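Data first, discussion second: the structure below is written as structure tokens.
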Amino acid sequence: MEDVVIRTLEKVELRDPILIEGLPGVGNVGKLAADYLRDQLPAKPLATIYSKFFPPQVYVGEDGVIRLVSNDLAYWRAPSSAQRDLLVLGGDYQGISPEGQYEITHRLLDYCHSLGVREVFTLAGFAQGRVVEEPRVLGAATLAARVETMKKFGVVFSRNDPGGGLIGASGLFLGLGRLFGMEGVCLMGETSGYFVDPRSAEAVLKVLAKILHIEIDFAALQAKASEIDRIAQKIHDAESRTSEAGPSGPAQREDLGYIG
Amino acid sequence: MEDVVIRTLEKVELRDPILIEGLPGVGNVGKLAADYLRDQLPAKPLATIYSKFFPPQVYVGEDGVIRLVSNDLAYWRAPSSAQRDLLVLGGDYQGISPEGQYEITHRLLDYCHSLGVREVFTLAGFAQGRVVEEPRVLGAATLAARVETMKKFGVVFSRNDPGGGLIGASGLFLGLGRLFGMEGVCLMGETSGYFVDPRSAEAVLKVLAKILHIEIDFAALQAKASEIDRIAQKIHDAESRTSEAGPSGPAQREDLGYIG
Amino acid sequence: MEDVVIRTLEKVELRDPILIEGLPGVGNVGKLAADYLRDQLPAKPLATIYSKFFPPQVYVGEDGVIRLVSNDLAYWRAPSSAQRDLLVLGGDYQGISPEGQYEITHRLLDYCHSLGVREVFTLAGFAQGRVVEEPRVLGAATLAARVETMKKFGVVFSRNDPGGGLIGASGLFLGLGRLFGMEGVCLMGETSGYFVDPRSAEAVLKVLAKILHIEIDFAALQAKASEIDRIAQKIHDAESRTSEAGPSGPAQREDLGYIG
Amino acid sequence: MEDVVIRTLEKVELRDPILIEGLPGVGNVGKLAADYLRDQLPAKPLATIYSKFFPPQVYVGEDGVIRLVSNDLAYWRAPSSAQRDLLVLGGDYQGISPEGQYEITHRLLDYCHSLGVREVFTLAGFAQGRVVEEPRVLGAATLAARVETMKKFGVVFSRNDPGGGLIGASGLFLGLGRLFGMEGVCLMGETSGYFVDPRSAEAVLKVLAKILHIEIDFAALQAKASEIDRIAQKIHDAESRTSEAGPSGPAQREDLGYIG
């Protein structure tokens, strides 16, 4: 089979579209942000992407219907001339091997390039390893001029973060994107790294909305954030009780740690 | 070499055949069911499948003759107009890497599509992690309409099972099958996950036989189930004695746990 | 680069040649036997095989000159009409991944097929997990008729050994060989599995020599076996002393266990 | 995407150029040496190499600008007839899988061959597992004649080192290079293997400079070596204090061990 199979659901002509990428990763920040953006715009389905570099897996919906794991492209036509058409890329997985990451990203960039994409925003989480009350949005860009522009939108460029660079799709879409003549920015929401983090996703999307001149209603995302907070508080309480009671705490934390 | 080598043993024309897949997996339920179905119909050899995504291994028969590990397709011509022609896929292994899973499944679907297959049943085990006295048959399907049809045959569609979806051939034949315009159902027999489970295979086959309007004599499969029961009882007894005697029980259970 | 690069050193025409394969494996029996056969015939270099499925490694000789890891084919022209021309395959490694095993074996079979090979003997060790005083030669073959022939040469076909089949080149050359219309036999010398075992290699070669009507002087191989015996004895003595002295024995055994 | 993507930055004609390879590895000796050579000559950028066999990673500079991980070729035109044109290969990573090592090396050799390269020097570290006060430069070569020549430059050819051969790019560029008709030498600076080792890189470069009739100012490299020494001394002191104080020493050493 082809390494990457792209099923186009609708043929569209877009005007100078911008690609927004948000796939699963640290705190699921990128995926939460991209999915929320897609739903709020709302963006319409454009293409489904399958690959042998994803796990050999299908999901089963509550109705008993299966769905092969995939990435998905949706498009949004700008209603006003102050805005740009958008392509939103989300999905179940990033490629599960280094080679797979390169192959999938390269193929998607090629496809998006043929749709006219010359500009990319990648959305991600940045793990701080501690609770982050008010997540900042860190940035990295393909050009120094873009770094300056982003600073005006409140994006933080830190001399030391991220120290080891970016690993995975959010970096690769920018790095390989340059081979296609694309420029772009990675927006990283600070997050603990322990939970999925809708609050960090909100911070990222707020910056992105300003950049793209779009308006987003954050109520549903905030509700999700509150729910996670509530769960986190429960865990905290359970741990406090447990640490008074005995050593079974850590195991219990582990059980709850994957909620999200 | 080709990624997947298909050796056709006989050229056949089939009328609207249905593909039944059952490869090694949880409790070996799928493989037990598919092999038993093939032997009982009986279905005739159609093609042998080799692949570099299988282990580099040959089996040696009791007669000293070697056989390269493979998957195998057999066919059965429906003797009555109430029935459909069948293709039964079994074998020694699933692909041993994610990529291999995709490549082998895609190639086999392509081959079966050219034989006229538009409908697929995949057979598998569903690990409950506990002894299952009367295994139910859980289901997942490519279409909501099929879910409804399957319920009439006693197939259980559970809101939460399988939670993480299906991993491996049984899911992939359905998920990738849709790219070939095929629809289908996965039938999963409940099983502990600790033993090979002919009783679960029987439950799956009984449902399948009703769906396909075929009759199967289950005597040999039941005999196999009784043998496994006998072994399980022996282990249970040994454990009881051991747990009275001392701490060497778990090791002994481990020794016996692979019987099957 | 090509998956497998075959550098032909000399163009030869061979009459109905037999391929003898012996690559590193259990007790290094196959490699010891094939290398010794090549040196004793002596067989002349025919081709060098490089592959990206070998480790990215060069050996450095005592003279400081490097050599890329490889497999190697040598040929021997039968001087008498009672004998057959031979091709001997040896080398530094088997393919280091399952896929690599298939790719290398397939390519070499294709090459040997074009040289006229229709018959293959693969040489290997069979690990018994205990000291073997007088190694028997176990067998496996592609045809029942060959099993019978081999029994006349003293080859043992055991109903239960090897239970899990053969893994690696010695099995694959036979299993894939059949796809090229080749028939063959695997000769496995019993060995402990803990040491390289020239004595087991000798047992294998003695059977092979009878089959091929060739004469081999085993003096050098026996000298090597005696040297290994001497080392094994030393280890045994050291262990005896150590087990009297204290618990440091196992570590010491480990240090010596790789000698060979 | 192509396995290896080579972006040529400038078309050049070189006269009988020599390739100098130094990629990350033991003590980073090879990379330190090649990078320092490139900066001192100075050599000009010729080509950037990307590959799916590198990690899917971008680095973020202090200015916030990203850069996809790569290897890089630079060239230097010899100003005097006593010297030869040079190509210097450095980079962020070697291929991260055995296959990747072969593919990248083969492709780069092919590219360099088309630029006229027939001679290769590979630079590497040789881990001694102990502090090395005055690192010797060990060698390995593709031809016995080159071994003799190298001895005159003080290169040490040891009967036993490196015992297991060379693994990775420094060996492979020579081993595969021979398939392109190239000859060459590997220069290995002795190093502890625990730290990056500019002093070992200096030793290697001093030998290389003599061979190539070039002059290099080692002041900056020596400054770097002194800095590492200072850090190593600090660690030593900290350990001494800790080993007096208690058992937390090893953990602390681990924290500092990656400095470099």
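A, B, C and D are the chain letters, set down in written order, and residue numbers restart from 1 in every chain.
Following the convention adopted for this analysis, a residue touches a chain if its C-beta (ideal position, glycine included) is under 8 Å from a C-beta of that chain, and two chains touch if they have at least 3 such contacts.
For clarity, every value in this text was computed on a predicted model and none was experimentally measured.
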Chain-contact steps, minimal, separating chain D from chain B: 2
Angular offset of chain B relative to chain C [C-alpha, multiple of 5 degrees]: 90
Numbering shared by both copies at the chain D-chain C contact, with half separating same from different: different
Distance between the centres, which are taken as Cα means, of chain B and chain A, whole angstrom: 37
Cα-centroid distance, chain A relative to chain C, in whole angstrom: 53
Junction residues of chain B, two or more chains touched: none
Touching residues on chain D, where the partner in the complex is chain A: 1, 5, 7, 50-60, 62-69, 96
Touching residues (chain side chain C, partner chain B) in the complex: 95, 98-99, 101-103, 105-107, 139-144, 147, 157, 159, 162, 165-169, 171-172, 174-176, 178-179, 186
